[in-house]
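In what follows, chain A forms one complex with chain B and a second complex with chain C.
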Partner chain A sequence: MVLEVKRPRPMWEILFSTHHTDVGLLYLIFSITAFIMGGALAMSIRTELFLPGQQLFADSNTFHRVFTVHGTDMLFLWVMPLASAFGNYLIPIMVRYQDMAWPKLNAVAFWMVPVGAALIWMGWADVTWNAYPPYSIIRAPGPAAEMWIFGLKILGISSVLGGVNFVVTILKMKHPDLPLMKTPLFVWAQLVTSLMLIVSMPTFAASLIMLYTDRLGVSGFFNPAMGGDPIAYQHLFWFTFHPEVYVFLIPAVGMLYEMIPKFSRKPIYSYASGVIAFVMLAIVGFASWAHHMYATGMNFSEKTVFMVGTLAAVPASAMHVFNWLATMWGGRVKFAAPMAFTIGGIILFFGAGAGGIVNTAMPLDFLTHDSYWVVGHMHLFLMGLITFAFIGFIYYMFPFITGRTYSEKAAMVQFWMMFIGVILIFFTQHLLGLYGQPRRTFDYVPVPPLIMMNQISTFGAWITGSAAALFVANLVYSVGWGKPADMKDPFHIGEQYYDYRRKEPHH
Partner chain B sequence: MSTHHDDEEPIYRTTPKRWMQGLLIIGITLAIGAAIFVPNFDNMYANPPPVTRLAQAQQSQQPPAQPAAAGTTQIIIHSGAAVKGNPNFDPNDAQVPLGNKIVWVNQDNVPHTATSGTGSSDPNSGKVFDTTIINPGESSKPVDTKDMKVGDTIAYYCQIHPYMTGKITITAAASGGAASGPALTILSGAAVKGNPNFQPDELTAKKGDTIQVTNQDNVPHTVTSGTGSSDPDSGKYFDTKIIDPSGSASIDTSNMPSGSYPFYCQIHPYMTGKITIT
Partner chain C sequence: MGLSSNLLVIGLIAVAAISFVNQSFAQSTSTPTYARVEIWALFYRLMVIAFVVGALVLGVIGYIVWRFRESHPKNRVPTREPLEGGHH
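Right, the complex of A and B next:
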C-alpha cells in the first residue's frame, strides 16, 4: 500500500506479513482509524452538552454508552497501538537488527487488537472505562458489559505480547557493538514502557476475570451483597492504570526526543538525564495509584504516601521538559509541522502538569474530584501532549512510510486550529469543574456560567474536529498524490533520516 | 545490510488507484461492522447481569411472601423482559387477595402494558383491566380487584410484546387483625445517596399493627428507630437488624405509644424516614 523498494506487492501480502514495517503500518492505519471514530464520538458528546437538557442522544444511558466507547477507544485503540506502530517501525532499525525478535508473535499481537476493538465497538457497554463495581457487576446490562470485559482482556494480552517482544528485541537482539547507553532515547522509551506493561497488566487481567465471575454470581470479590469490597477493585484497577498513564506518556516523550534534536539541528542536551528521567517515571509510576482514590475514605497516612509518590513524578517530568528546552536553546530550529506539534505539545504538557499538582494535593483534590476539572486535566495530557506528539510524529515519519511529502501548509493550519481548539475545550473544562459541574453527566444546571463555558468548550471541540478532518484529508491526499520526498533528508534539515530500504521484506 | 547501491534502484510509491483499494478495504470492514452493531444496538444492552437472575431464582424458591390485605400487590416487569424468552412478569402467577390493588412496576428500559386477555385476538382483551402504556422505570396506575371473585384466574399480556404473558389469581382476603398492617418498602437503588429510599417516606400506622418491611435493594439495609447513630435512643423502639437483599422483616408497634418515630438505616445513615402511630 505504500512505498516499495523493489516491486509493489499484492495487498494481501502486506496484510498478512510479519515484517516489522508492515506490522507497523497495520498498527498505524488501525490506530488512526480508531482516532477518527473515537473523535467522532467526542464531537457528539460535546454537541450534546452544547445546551443543557437532552439534545442529541435519546437518553442518558445512550450517553453513558457513547462516552464509555469513546474513552476505551481512545486509550486502547488509538494511543497504545500508535506507540506500537512506531515502535515496530523504528526499534529494529535503532537496535540494528533485521526485524523484531519474534515476527510471528508480533503479527499475532497486532491481530488481537482488531478482535478486541470489535468486541468493544459492537457491544457499547456503559460501564465507563473504569468499570467500577458494584455498577459493573450488578446493574450494567449485558452482553455489552461482558463484551467490554473480554475486549479489554484481549487487548491486555496483546499489549503484554507486544511488550515482551520489544523487551527481547531491545535487550537481546541489539547489535553487539551497540551499548544500550548509545541507543536513541526512543528505544529507552519503548523499553521502559514495555517493562511497565509487563509488570502492571497482569493485575488488571486478573481483576477483569474477577469482575466477570462476579457478574456471573459465582464469586463475590467486589459484590457488597456477597461480602465483597468494591474499593478493592479500584486498587487493582489503578495499580495497573496509573502506571498505564506513563505507558501512554512515555512513548510520546520518546518521540519528542527523536524530533527535537533533528529539528533543532543540535544533539540532545543531556542523554543521561533523559534515561534517568524515564527510569524514575517508571518507578514512581507504581507508587501513586491511590491518588485516584482520595475520596474513598483512606486514612491520612495512606493519602500522604500517595501524595508524595505522585509528586515524585514532577522532577522526572521536569527533567524531560528542561532537556527539550535546553536542546532547542541556541539551535537553528526549523518550525516544520512536526516541530510545531512538538512545541505546542510541550506548552500544553506544562498546563496539564500544573493542573495535576492541584489534583494530587489531597485537600484540593476533594474540590476537583469527579468534576469536569478531572476531565479537562486528563484530556489535556492525552490530547495536549500525547496526541500532539503522535500527530507530529506521524508527519515526521510520513516520508519514510509513504515516500511522499504531506502538505506543509495544511499541516500548519491544522496545528493552529488544534492548538487553539484544545485550549478552548480543556482549559474551560477545568473552570467548569471548579464551578461544580460533575463529570460523566448528560445534563447540567441551566445557569449562565455553566451554559457559557460548555458552549466555549463545545466550540473548541468543533474547531479541533475540523482540524482532525483536515488531518485525515491531508494524509489521504498526500499518500496518493503527494510530491515524492527526498528519501535522504525529506525535511531539508541536514540531519540523518531513517533507512527507507528497511521496508523491503526479507522473509 | 545490502551490499549494492540502493540509490540506483527504482522506488515504487503507492499509486492513487492502489491507495483507493486500501481505503476501500478499511471502508468495507467498517461498513460490515456498522451493519452488525447498528441493528443490535439495543439488544446488546438488554440483559441484566446473571448475578441478578441468580438472586431472583433464590427468591422464588422461598415460599411467596404473604401479601398484606387491603394493601397493594406488586408485579415486577423485569429488565430485559422485552426480549423473547427472558423472564417477564414476576410473579408470573400472582396470588392477589380480594380487594387488593395491583401495581405493575416496569423495571425494563422499554414501555410495556398489562392488559387482560390472552392476546390481541382475544375478543375480551382489555375488558377486565388495562394499565395502558407503563413507561420504563414507572409503575402502572393501581388496578382495583374489588369487583372480581375469589378463585378467578385472569390471564393478561403485554400489548406491545404479546409473548409476555402472565396471570393473576384472586384469593380470599387475608383475615384482618394483628397480622395485617401497612407496608414499608426499601426501594431498589436506595443505598445511593440522593436516590429515593423508603416508600412511603412517612408512614402512618395504628397502634398494634405489624409493619411489613421489604428490602427490594441489592445491598443490606436496616430500619432502626432514632435520628442517626449518635442518637442515644437509637434502636430503642424498634430495630429490624440487617435485612438482606430481597429479604423482609416486620416491626411490631404494640409497645409504641402514639407519636412520631424517626427511623434510619444503620448502614446508610442518610436513608431516613418517619413512622407515625395513631
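Right, the complex of A and C next:
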C-alpha cells in the first residue's frame, strides 16, 4: 500500500514532489483546510442571521465580504481541489501508468492553487462569487476586487492545466491492454469533468480580463455608461459556471460508483448506463446556462430552450440514482461511514433536484429568483450530495492512504449530525425563499416566521459546524494514533477491493 | 415494453402536456387571467408531483436500506460467494 502519511519522510520531500500520490495528498490536505476555513465563515454568516438587525458584523459591507470569500473558497478551494486530490491519487493507478502524463505540470497546477487562495483570502472582496457588473466594475472597492479577479484567474489556469493532464493521462497513457470501457467509472467521471473544464473555462478567463480592463477604465464591455452590456457578462459567466455545476457534481458521482458496489457486495448494476449518463450530463450541462438569467428580460423562446435544456439533465441524473439503487438491491449492504454518507448524499441529492425543477420552470423562477430558495437549492447540491460523497470517500480511502483506521463511531456520529444539520439549514432556506427573504442580505424583516426559520437554519448550521470539527478531529487523531488497518480488508466486507496500490517506487 | 405500450405512454404524456400548456399559457379566453394565481397554482401542482415522485423514490431507498442491510434476519449469512478475480 502507499502509506503516504505513515511512512516517515521529510516534509520537504512531499512538498517538492511531483509524484501523483504526493500531489494528491497535498491537494487533499489543502482542500480539507479550505473546507474548514470556508465553513467557519458560514458559521459566522448564519450566526449573524440568527436574529434580525446587526448581530456580529460591523456593517453590511463586511457581511458581503464574508459571504463572497465563503462562496469562492468552498467552490474553488474545497470542491475542485478535493476532486483533483483523488483524481491525482487514483487515475494513474486506474489506467495503469506510472504517474500523470506530465508530473511537473501537475505539481505546478497544484502550487498555483495556494497562490490563488492567498489572493482571495487576503483581498477579502465583496463582489459575491458571481462578480456581476456593473457593481464589480464601478463600485467594488479595490484592490480587493482586483485580487479576487487575479485569484480566480490563477485558479482557472490551474484547473485547465490539471484538466489537460487528466485527459492526456487517461486517453494516451492508459495501458494498451486496458480498454476505456473496462476502466472504473471514476476514470470516466474524471475524463468527462476534465473535458468540460477545458471547454468551459476559457470563456470565464476571457470575461475576467474584460472585467479587469473595465475596472481600469480602458474598456467598457460591461459598463452601461460606456455603451457596454452587463448582461453579456452574465452569459459569459454562466456559460462557464453552469457546466461547472456538473464539474463539481460528476467527480462525486464517480466516487459513489466506487463505494456503492463495494459496500453492497455486488458489482455495479449497469456500467454502460453510468458511462452514458456521464456523457449525457456533460452535453446537456452546456445547454442550460441561461436558466440563471430568466429575470433579465429574455424572450419566451430563449427561456423555453434553456428550460428544456435544463430538464434534459433530469434523465441522466435519474440514471445514476437508479443505477445505485439497483446495485444495492439484492445486496448485503454494510453501513460503514462511507456508505452512510453515500445514502445520505443520495437522499439530499433528490431533494436538491426537486427544488431545481421548480427553479427551471420559468414562471416559477420568478417566485424563487434571488431569494433564499436559491441559496437552499445550491447548497443542498454542494453540501448534500457533493460534500457527503467527498467525506464518505475520504473515509473510504483513509486506510489505503494512511495505513490506519479512523474512528467508526465518531464518523457515524458526524454523519447523523451533518445529515440532520444540513436538512435543518437548507430545507428551511427553501421555505425562507418562499416567504420572500432575499439572498445576500445582512438583515431581514423582523416578523415571527422569518425569525423562527432563520433560527432553525442557524441551529442546523451550528450542528453541522460541530460535525465538521469532529470530522477533522477524527482524521487528525486517526492519522497519528488510529489502529493499524487490515490492509486486505479494512472495512471487513469480506470481498476483494480495487487494487489501489502504487506498485512502482516514487521517482 | 411492447410498441403498443410505448405508443400509449407517449400519447398519455402528449395529452397531459397539451392540457398543461393550455392551462398555463392560454390567453384567448374572455375571462381575465391572474398571473399570480396561475403561477402559484402551477407551483402547487408541480410540488404535488415532486412530492409524490419523491415519496416513491425515498420509499424505495428506505426499503432497500432496511431490507438489504447486513443485519437483516434474512441477510445475516453471506448470500453469495466473494467475487473472484477482477473488481467491480
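Please note the rule applied: the second predicted complex is superposed on the first by the 493 of 507 C-alpha atoms of A that agree within 3 Å, B and C clash if a C-alpha of one lies under 4 Å from a C-alpha of the other, contacts with A are read in each partner's own complex, and residues count from 1 in each chain.
Criterion: a residue touches a chain if its C-beta (ideal position, glycine included) is under 8 Å from a C-beta of that chain, and two chains touch if they have at least 3 such contacts.
Computed from a predicted model, the values in this text were never measured in an experiment.
Using the contact criterion defined above for the overlaid structures, shared-chain residue A:P484 touches chain B, although it does not reach chain C. In the superposed pair of complexes, A:L216 makes contact with chain B only, with no contact to chain C. Of the two partners chain B and chain C, more chain A residues are in touch with B. When both complexes are overlaid on chain A, the residue A:G330 reaches chain C alone and has no touch with chain B.
Touch criterion met: A:P267 reaches chain C, while chain B stays clear of it. In the overlay built on the shared chain, the residue A:V447 is in contact with neither chain B nor chain C.
When the shared chain is aligned, chain C comes close enough to touch A:Q496, but chain B does not.
Against chain A, in their complex, chain B makes its touches with residues 1-2, 6, 9, 11-16, 18-23, 25-26, 30, 33, 36-37, 40-41, 44-55, 79-80, 109, 218-220, 244-245.
Chain A contributes residues 184, 261, 264-265, 267-268, 271, 321, 325, 328-335, 343, 346-347, 350-351, 354, 357-358, 361, 363-364, 366-367, 494-499 to its touches with chain C in the complex.
Listing the residues of chain C that touch chain A in their complex gives 24, 35, 38-40, 42-43, 46-47, 50-51, 53-54, 57-58, 60-61, 64-65, 68-70, 75, 78-80, 82-83, 87-88. On chain A, the positions that touch chain B within their shared complex are 1-8, 11, 29, 33, 37, 61, 65, 98, 118, 121-124, 126, 134, 137-145, 147, 214-217, 223-225, 402-404, 476, 479-481, 484, 487, 500-501.
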